[in-house]
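So, here's a batch of structures to check.
You will see two complexes here that share chain A, one where it goes with chain B and one where it goes with chain C.
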Partner chain A sequence: MKRLQKAIFLCIRTVSLLFAVSAISFALISASPVDPVQQYILGLGTAVSPEQRAQIEAFWGVEKPLLERYFSWLGQLLCGNLGESLLYRRPVAQIIGERFRNSLALMGCAWALAGIVGFLLGCVMGMYRDKGPDKLLKKVCYVLSSTPAFWLGLLLLLVFSVWLGWLPVGFSAPVGALKEEVTVWQKVRHLVLPAATLSLTSFANIALHTRQKLIDVLESDYVLFARARGEGEWTILRRHGLRNILLPAVTLQFSSFSELFGGSVLAETVFSYPGLGSAVSEAGLNADVPLFLGITLFSALFVCAGNLAADLLYGVIDPQMGEGEKTG
Partner chain B sequence: MTENRESLLSIRDFGVSFQRYDSRMGQTRLQVISNLHLTVYPGEILAVVGSSGSGKSLLALAILGMLPLNAVTGGEILYRGKELTPERQKQLRGKKIALVPQSVTFLDPLMKTGKQADGQGGTGLTQKRRDIFRRLGLPGKTENLYPFQLSGGMARRVLVSTALLTEAELILADEPTPGMSLEQALEALRMFREMAEEGRAVLLITHDLDLAVEFADRVAVFYAGTTVETARASDFQNGPDALRHPYSRALWESLPQNGFRPVNGFQPYAGNLPGGCPYAPRCPLRTARCETALPPVRTVRGGEVRCYDGA
Partner chain C sequence: MKRKNQRTKLLVLAAGLAGVLILIYALGLLIPEKAVEGSFLEAGRPPCLSHPFGTDALGRDLLARTLKGLSVSITVGIVASGVSAGIALLVGIASAMGSRQVDAAVNWIIDLVMGIPHTVLILLISFALGRGMTGLLAGIAATHWCSLARLVRGEVLQQRSRPYIMVSRRLGKSGGWILLHHLFPHLGPQFLAGLVLLFPHAILHEASVSFLGYGLPPEQPAIGIILSESMRYLSAGMWWPAVLPGAALLGVVLLMDRLGEQLRRVLDPVTAQE
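After this line comes the complex of A and B, so read on.
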């Protein structure tokens, strides 16, 4: 019963959040100097007289009040119609689907790598607290977390693609190759640098949080008792440390979806990687309003899914929270 | 009688102080335990009785060599006649010296109780542990519960079981019984007694004088970070005349069955100790030298006492 209630609550929360995001982003776009009509006319490639322009505006309902425009857009949205991209002249949903598949590979790799590396380094830092390895890694973390993703991307490009020539400069496949002929190996080679950029800028957060939590755990009464029972430091980490520091790490890891998405916009732009991130910057720069709003909603859903996953995993890792769900 | 046996643990002139950094005064030292004398013999239960804040729990950590890093110790601790160095403490921890800590916070919140009690011994100890759980009145399902699902008394019984599972020769039990029902507490103490009869020793740290007198062989009275008297438990049953230190007598008189008379004043806290005998400010028998120099330990009628009176 409690589970059902919780599920309903989460659904309501997600829907109301998406509703709020759609309203706010629609209002912001309307208030901005972005002119979708102008963009549409540019895309036509022919000269348009002021009368024709007025006709287009009347057809699109540009002069109608904001609320009316919003609700007609929302109505279409609820029917599953995200509109057509002004830039690509194709349905927005189709573009998001395609781009997201590319981004998923990139963000998935970067996310897993950042999580694993961050957690392991956090453990090492916690165990060697205030000693050499901890001091060194802490500096590395501070430097990397204050490095902008696009700058790091350029740096990696310069070193590994331009100077060393080990890895391709951009895109998700060799230029000019047919889609059917692209091998997995080629795809992986194109993925390395953007994924490295994205994970390098995001693991520091999880490493520093894991370090602090491990230090708290090592100072706890139950670790004191474990020491009194003759357990060694590494046994303590394995028996008591890992599970107790996993909860904050998992929470952070799943709630980092927003930073991950934000980082992917920069990384994909630098590497011309055809993912959702580069699509959003193209849509923004070219005033492609339908695509822009579509991706905004999609990314909100994506971040929401991450937080939801963190919520659900709590109960699995911490029996106290699982119990709370059943009885409390 | 006990004096002729070889001691298991012998603590002499032991002190613990903490280094603190103060913005105005720079580095300062906070003396928490000082001039502590205590001897534990195999086969006995020695109770250390003192009020909270008197430094009792630190004593257990000091014996295990697990004081915080900013703690400085003085004096010496001998285990089986040899100095208890940090290396030896590390070897003996959990094997020859076992701790029974105070509360549920000493259990890992994310590990099931049974697995936790087995400890590093793993499944090899499971059968023995189940027997001990049963004797302590823990229901069979306890082993599958997490610490947050235990009552305070259950948690303490689980903690007691961890020491009973070891081959330890010395058990440091820090307030093991509060929260248990009388029956459970008695069963736990009976198990400590059995261990003592096997030739092991139990150091029972408690604030409960009645319990100490009932179950221990000897009672050490702890006051402001030091032991003022170590007496046979029977001395407390025989009344104030059998006791040696004015504080022990005051403690005896403050028990409900002995008149419930409170002692005036309060125990000085660490960092605020008077020079000389720490009990002097409250003592009816104090003389001028009590306030300037700490009395040496004397053996009086088979007990040890730090007092000039009667010397």
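After this line comes the complex of A and C, so read on.
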């Protein structure tokens, strides 16, 4: 029962957070000096008379008070209408759907790669604590976590696309190719560099975390006993280490969705990859308010889903949490 | 010669790191505007003796631009992380000393700020304030206080139940007196180290947001802007505007990070002598 209660509490909290995100982002956008009506008229590309402008303003309800505008927007939002993008002249929901598919491929690859590589390196670092490999890998981790993601992207672009010419420069498909003709292989080739950028900047966190956890485990009494029984170091890692450190690592990886999304904004911009990240930056630069708001909300939803998954995973899988339920 | 103890060594190292950073900052400020004016005769030169970082497509000396950009970055880093750390201190103490409702509210707000990806939130705030320096500073300051606030809260909560504070309370000291005389001295070192460790994050975000075109105006020398310009000439084989300024930024971030670590170790009595 307690577990169910906790799950319900978490859901309520998430929903309340999402509402607050919508309110805050709406308020921030409204406070902006950028005039959306002016942007809309610029986008039309034709001259607009002052009367027509007044009509547009009346239609959009620009003069109405902030709260009224917010609630009418929220009402539409709850019905699934995110408005129409000023930049692309298409429904925002459609654009987000399309772009998210691209971003999901990118973030999914980077996330899985960073998780696996980070975890393995963390194990190696923990096993060779304070010896050569550990010191070297630790330095690498510190440097990589201080590296600006977009600069790393530029370096990779320079080396692999410009100098070596192995991989394409940008976008998610060859320029000029029809959508139907793009093969999976071409898509993968366009995905390699952005995914590498994103995972290289994010694996250090999980590696250092795993290292610390493994060191804690190796210093415990039960590992001392296992050693006394004559178990080898790698057997100890397999029998006692992995079981204890895998779960925190997975949880941490789920709660890193925020950095993942932030990194994807930069990686996608460098490689002109048509995902959500590059869309949000373009939307802001071109004052495309509906798209900007839509993606902000979507990114918050994405992060919340990750945090929720991490919280639930912790409760469901961790046997210690389960025991706490019985006694408490 | 008497052997220096570990604490002195750490202090010397920290002072050295701080000195290098101040030098970079001062150089950036002292370089005259004339040095970053371009001449088309010298456009697109690769690194050589008179231009160690080469020149960009408009013939501006990249080393001068990079140094100026770095000093802007350091200014942004100091202001934003100072404001952010101030917020963190206030919020953390309020959360730990206040009522249960205050604590719940603070936790909810922290979850809220952490709930939007930082980069997106900075873009949003920068958009709301009409881009430029103010928006950038506000955005970075508003997003970086969360983890430090949690640290301060945890620390205050832990200290509050310690015997010496209980005794102090029994002796009739007020909450404010305890805060000033017991908690602040205890929090001070951790807070300072936390503040310095915010710098690297703030600088990285400044560069990223400028790179995306939200932060400083394009005529200002900022690392993000230099790198964003360099993308246009990358396929023409101009590698130096992309590689060298970025490497300089990475260097400054690493220096800041090391400085923070050293400070943390010096100020913490447990590790100061290690």
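What we mean here is this: the second predicted complex is superposed on the first by the 312 of 328 C-alpha atoms of A that agree within 3 Å, B and C clash if a C-alpha of one lies under 4 Å from a C-alpha of the other, contacts with A are read in each partner's own complex, and residues count from 1 in each chain.
By our rule, a contact is a pair of C-beta atoms (placed from the backbone, for glycine too) under 8 Å apart; a residue touches a chain by one contact, two chains touch by 3 or more.
It should be emphasised that the depicted structure is a prediction, and the values quoted were computed from it without experimental measurement.
Quick check on the superposed pair: does A:166 touch chain B, chain C, both, or neither? Answer first, second, both or neither.
In the superposition, A:166 touches no partner, neither chain B nor chain C.
Is chain A touched at more residues by chain B or by chain C?
Of chain B and chain C, C contacts more residues of chain A.
Can A:221 be said to touch chain B (first), chain C (second), both, or neither?
In the superposed model, A:221 contacts chain B only, not chain C.
Looking at A:240, would you say it contacts chain B, chain C, both, or neither? Reply first, second, both or neither.
A:240: touches chain B, not chain C.
May I ask you to decide whether A:146 touches chain B, chain C, both, or neither, giving the answer as first, second, both or neither?
It touches chain C, and chain B stays clear.
Between chain B (first) and chain C (second), which, if any, makes contact with A:229: first, second, both or neither?
In the superposed model, A:229 contacts chain B only, not chain C.
Applying the touch criterion given at the start, work out whether A:284 contacts chain B, chain C, both or neither, answering first, second, both or neither.
second
One more residue to check, A:60. First (chain B), second (chain C), both or neither?
A:60: touches no partner chain.
Intersection of chain A residues contacting chain B with those contacting chain C?
none
Using the touch definition up top, name the residues of chain A that touch chain B in the complex.
220-222, 224-231, 235, 239-240, 243-244, 317-320, 323
Which residues, counting only chain C, touch chain A once they are in their complex?
Listed in rising order, the residues are 108, 111-112, 114-120, 123-130, 200, 204, 207-208, 211-214, 224, 227, 230-231, 234-235, 237, 239, 242-243, 246, 249-250, 253-254, 257.
Going by the contact rule set out above, which residues of chain A touch chain C in the complex?
13, 16-18, 20-21, 24-25, 28-29, 31-34, 142-143, 146-151, 154-155, 157-158, 162, 169, 257-259, 261-263, 265-266, 269-270, 280-281, 284-285, 287, 292, 295-296, 299-300, 303-304, 307
In the complex of these two chains, what residues of chain B are touching chain A?
64, 66, 93-95, 98-99, 101, 103, 105-111, 119-120, 146, 148-149, 159, 162, 166
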